[in-house]
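Got some structures for you, see below.
Two complexes are shown next, each including chain A; its partner changes from chain B in the first to chain C in the second.
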Partner chain A sequence: MSQVAWRHRLAERGIDRQLWLLVPGLACVLALFVYPFAYGIGLSFQPAEGGVFGAYRTFFADAYQRDTIATTLGLALPAAILNVAASVPIAYRMRGRFRGKRLLTTVLVVPITLGTVLTAEGLLNYLGPTGWFNRLLFFVDEPIRLTNNYWGVFFSLVITGFPFAFLLILSYLSGIDPTLERAAATLGAGRRQRFQRITLPLLAPGLATTFCLTFVLAFSVFPSAVLVGDPAGSTRVISIAAYHAAYEVYDYPLGSAIAVVMGVVELLVVAIVLGLRSLLYTGSTGGKG
Partner chain B sequence: MTGFEELRLDGVRRRFGGKDALAGLSLTIRRGEFIALLGPSGCGKSTALNCLAGLLPLSEGSIWQDGARLDTLPPERRGFGMVFQSYALFPHLSVRKNIAFGLQMRRLPRDEVRRRTDQAISLVRLEEHAKKLPGQLSGGQQQRVAIARAVVLEPSLVLMDEPLSNLDAKLRLEMRTEIRRLHQTLGLTTVYVTHDQEEALSLADRLVVLRDGRVEQIGTPEELHERPANRHVADFMGYRNLLPMKVKAVHGEVVAVEGSGLTLEGTPAGPVSPGDDVVAGIRPEDLHEGGNGVPVTVEVVEYQGRELAVEARTQSGVAVHLRAATRPSPGDQITVTATPSRVLVFPS
Partner chain C sequence: MTAVLSRPEAPPRRRIVASPTSWLIWGAVAFFLINLAGVIASVVVNSFGERWFDTWLPQGWTTKWYATAWTEFGLLDVMLVTLEVAVLVVAISVLVGVPASYVLARRSFPGRRLVYLLFLLPILMPPITYGIPLATVLYKYGFAGHLTGVVLANLVPSIPFVILTMTPFIEQIDPAIERAARMCGARTWQIFARILAPLLVPGILAASILVLVRTVGMFELTFLTAGPDSQTLVVALYYSMSAAGIRAQQSVDAMAVLYTSSMLVLLVIALRFVNPTQLVARVKEDPD
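Moving on to the complex of A and B:
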């Protein structure tokens, strides 16, 4: 049988022979991601004592450890919600074309490039007890504490997460055909009704996706929780607990177990949001994508 | 229904980046009229429609509805219905909800919304599809939803922006009849934008021909078809032969012209005197083969059902278009003539 015929027979079964080009990439993914990941999960079931679920039992039995879930959710959920909520009106205003749009977008997006450590340093200098912010508030007796506590980490999450959410939402918005709002206007819908009845429902699936991504980013917060937070108390997030277990106590199984718990919590939140998203209209929005 | 007796556009001008997209359009639309804005792309016809709808602010001029000034109102307060070229149906709402949208925006009682939506759905014969989303409909059905959505409000004016341009030829003819039927039944005042002269002639009571943002001619379909004001309108009205010529003599209502390898007699469509450079406009169907006319050489023959479309070249190398009943072969020498009353001579 000739080569061409053989390829056709494979193609009829949905097999493209060019697929073998994927092998190097697949090997890298297996070796560098899937194997370590599976190894970590396996490790979490092999604690020194306490049987298969010993490490998990240790984590959930200790309130100091267990509470890190709530602490992290308490930071990540509000930060993600604020990032999405603040991006919507700004992106909505900026969806058209206007002079200076590129400059404004750049200014809004710059924090993404700065990295957490620089942001943290800036926050410490600006919002710290002797920073500019508190000097401007000279009339207040006690300096307002906005660093080395919950708020420091929260601001850091907003500063680094906002540009990300903004860019995503801006692209979702530009995917909505602007004629739809004009049509709604000719049908008697005011500005507010147009947004509520047309744009928002079409944007909602995008908002859900954006929320998931910013939430996952915020949930794995580590550097800013240490640098501008209170890593022993109010901002002892779950990644600190994992780091502590693995690299300070050298209890690798417990560290792995905490990492797995972290992943499961993220997956739960994402699953809930995506479940709600599937109830929405998710088809074409008529725009240029 | 908040009808008006007349809607007056007074020197409406719209500039884009210092260039006039629409330069001083003045037009009075009477109640119940079907007006077509006709012109090639970029002539300002869509701009005019968007200015009327309130989607584009005017640079100059004003729009008056009877005694009230309209151009300062936002689109949602003008009470006009609009059908967009892309239909602009709300993709997340069912056919029924799309049509009911405008009624709900008016905060009408629930019963009335249901009744009028039902009426509109049956008007465009979409009863079976009422629960579907726009994405599940064919182009023609989407078009009908768009029309129903605009007319359900019984607007004082319906604006249509090339509503048939996304349909295939057969459906376009059907929908054209449908739109004319709707206009006859509902009597809604309509402004219709198109670049298709056939569409405009068959639908409209009055046509406005635009070119480069300026009005070239306003008139009834018959007026435009028979007496185009200038060569540009003639070009648009199917005068495919626009031949540069020179006036030889003027005898009252008959002008003798010569040039492009032809000698013809025609009717002046403006002041002409001997020696003037002019353009003679002749429809292909008015240029006949035979008689003792001008000799031309056949170049291309196209079969068009009842007749044949022929492109021939005169002895001075100018292309002319005519219709023939029998099939000539390329390269044949034939002679052509035209009745003087069917040859329009435009001053250039």
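Moving on to the complex of A and C:
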């Protein structure tokens, strides 16, 4: 009797046997994500020497290691901003219906399938000193060096990141009720006004999300930084440093510490963007209302 | 701009006539696509080329690089491993993820937001960040280095992905149908098997294909956990390319072309099932 009453009281608060359905998923995430992460954080505080913060001190004391943060941000932030900024006008023009929309969308999305390696190979072939791009620029004396440096990695981030950003923004734009814009047009708003006062504020939250997801993609750049970049110098990104520490030097505490630093930096950027988003969004709705 | 302002009742359909800005935008799109075509074509041409140095096109044409790539890299095994990993990951993540997303879509309970955040985190984190500690743990327990480790590691982003895709999908199914079934005496598992499963088939298909594409393309996690006989196609490609000089570059290109064409087939299939504009339903759930 009392057991039934207990179950009743739990059920009133929303807890009953149906919640067991959640258990397998939760168990997987706890066992495969939370536990390893906690283990990694624990490991990062147990370096072979240097006390509790030894691994972090090693990372931040060495300029070669420390600078990887700036290198990664210097690659990922411009790439993510460019991808989002370029997607907005293109998607804005494609939000209506027109002939060949499906084809154009598919063509723009194709780079998702390329994979980092084909992109890297292609960039090396195409932009290399004897590649087609430099052949087209025959009027320039020296071939422009666009691979094995910052630009090679940057282009590869644009090629893989742009389709993703474009798809997301296109789907956000198609989700905006077109009658709002028509109403604005009826009230005499020009094209620019409609974009600035109607579409952009409604798109802002989507822009922030897209930026975050694109940034995460660009931030974890690893294969292209090795293959088309200059992995020992100008494109030594933080994931290379983490991989190097963990699997080439076998210094697991340092590797974990770098992974933790990477996660913190990344979440910091995401938090800033989402914070800005909430500012932007409430501001714009206030203006609209 | 001013022309539009002076004419208050703008036409409901947008004009096709291009303004300078749209010329600029379409020009940029064309430039991007031309360069992209160049990038892809240079790999394809190289994979069929005989010798290609300082000329516009290779000196001769051949398909021998594909044969070389097939035998040298043991592509049949690699493809089989890729298929095995992808199918296992899709099956497990759907089996585990769909019930969880049902609860998240239909129920409110204490700690729901926390659970949601927990499922969101693996997608918001770069794979390398959690991949390195995860691989360390998997090696510690002896899972890494073969197929089990690769599958386990790939489940980390896949299960949350299925949950985030399926939750809005389940939300749009009318709960009255389930209540009616319950009134008629169906139990929870019967509701799942007879009512929800048939209604969810399109959503499950879409989620599985997206997970399949992601798993085949997932480099970092597989790279960190794979042993010599459990490499997927991406990882094998990376190794063959980073060890350049040992192998002819053309056969690496041939392999890359094979990889891309299989991904392309998957993507075309995926686009038949998934409407790109439908993505928003999923992504809108992503923040907060």
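One rule holds for everything that comes next: the second predicted complex is superposed on the first by the 268 of 289 C-alpha atoms of A that agree within 3 Å, B and C clash if a C-alpha of one lies under 4 Å from a C-alpha of the other, contacts with A are read in each partner's own complex, and residues count from 1 in each chain.
Convention: contacts are C-beta pairs under 8 Å (C-beta built on N, C-alpha and C of every residue); 3 or more make two chains touch, one makes a residue touch a chain.
These numbers come from a predicted model, not from an experiment.
A.B. asks: In the overlaid three-chain picture, which partner chain does A:E266 touch, first (chain B) or second (chain C), both, or neither?
C.D. replies: The answer is second: A:E266 touches chain C but not chain B.
A.B. asks: In the overlaid three-chain picture, which partner chain does A:C212 touch, first (chain B) or second (chain C), both, or neither?
C.D. replies: In the superposed model, A:C212 contacts chain C only, not chain B.
A.B. asks: Determine, under the contact definition given at the top, whether A:V34 touches first (chain B), second (chain C), both, or neither.
C.D. replies: Only chain C is touched by A:V34; chain B is not.
A.B. asks: Using the superposition described at the top, determine whether chain B or chain C touches more residues of chain A.
C.D. replies: Touching more of chain A: C.
A.B. asks: Check whether A:D177 is in contact with chain B, with chain C, with both or with neither, and answer first, second, both or neither.
C.D. replies: Once the two structures are laid over each other on A, A:D177 reaches chain B alone.
A.B. asks: Taking the superposition as given, does A:A79 touch the first partner, chain B, the second, chain C, both, or neither?
C.D. replies: After superposing on A, A:A79 lies clear of both chain B and chain C.
A.B. asks: By the touch definition at the top of the document, which applies to A:L157: first (chain B), second (chain C), both, or neither?
C.D. replies: A:L157: touches no partner chain.
A.B. asks: Is A:I198 contacted by the first partner chain B, the second partner chain C, both or neither?
C.D. replies: Only chain B; A:I198 stays clear of chain C.
A.B. asks: For A:L146, is the partner it touches chain B (first), chain C (second), both, or none of the two (neither)?
C.D. replies: After superposition on chain A, A:L146 lies in contact with neither partner.
A.B. asks: Contact-wise, after the overlay, does A:L114 reach chain B, chain C, both or neither (first, second, both, neither)?
C.D. replies: A:L114 sits against chain C, while chain B stays out of touch.
A.B. asks: Of all the chain A residues, which ones make contact with chain B and with chain C?
C.D. replies: In chain A, residues 182, 185-186, 188, 190 are touched by chain B and also by chain C.
A.B. asks: What residues on chain B touch chain A, complex-wise?
C.D. replies: Contacts found on chain B: 53-55, 74-82, 84, 86, 88-92, 101-102, 105-106, 133, 135, 149-150, 153, 159.
A.B. asks: Once bound in the complex, which stretches of chain A touch chain C?
C.D. replies: Residues of chain A touching chain C: 13-15, 18-19, 21-22, 24-26, 28-30, 32-37, 39-41, 43, 86, 89-90, 93, 96, 105-123, 125-126, 130-133, 135, 159, 162, 167-168, 170-172, 174-175, 182, 185-186, 188, 190-192, 205-206, 208-210, 212-213, 216, 219-220, 222-223, 226-227, 239, 242-243, 246-247, 252, 255-256, 259-260, 262-263, 266-267, 270, 274, 277.
A.B. asks: Given the complex with chain B, which residues does chain A contribute to the contact?
C.D. replies: Residues of chain A touching chain B: 177, 179-180, 182-190, 193, 197-198, 201-202, 280-281, 283-286.
A.B. asks: Name, in rising order, each residue of chain C that touches chain A in their complex.
C.D. replies: Residue positions touching the partner: 1, 4-5, 8-10, 12-14, 21-22, 25-26, 28-29, 32-33, 35-36, 38-40, 42-43, 46, 53-54, 56, 95-97, 99-100, 102-104, 107-110, 115, 118-119, 121-122, 124-130, 132-138, 152-153, 155-156, 159-160, 163, 188, 213, 217, 219-220, 224, 234, 237-238, 241-242, 249, 252-253, 256-257, 259-260, 263-264, 266-268, 271, 276-280, 283-284, 286-288.
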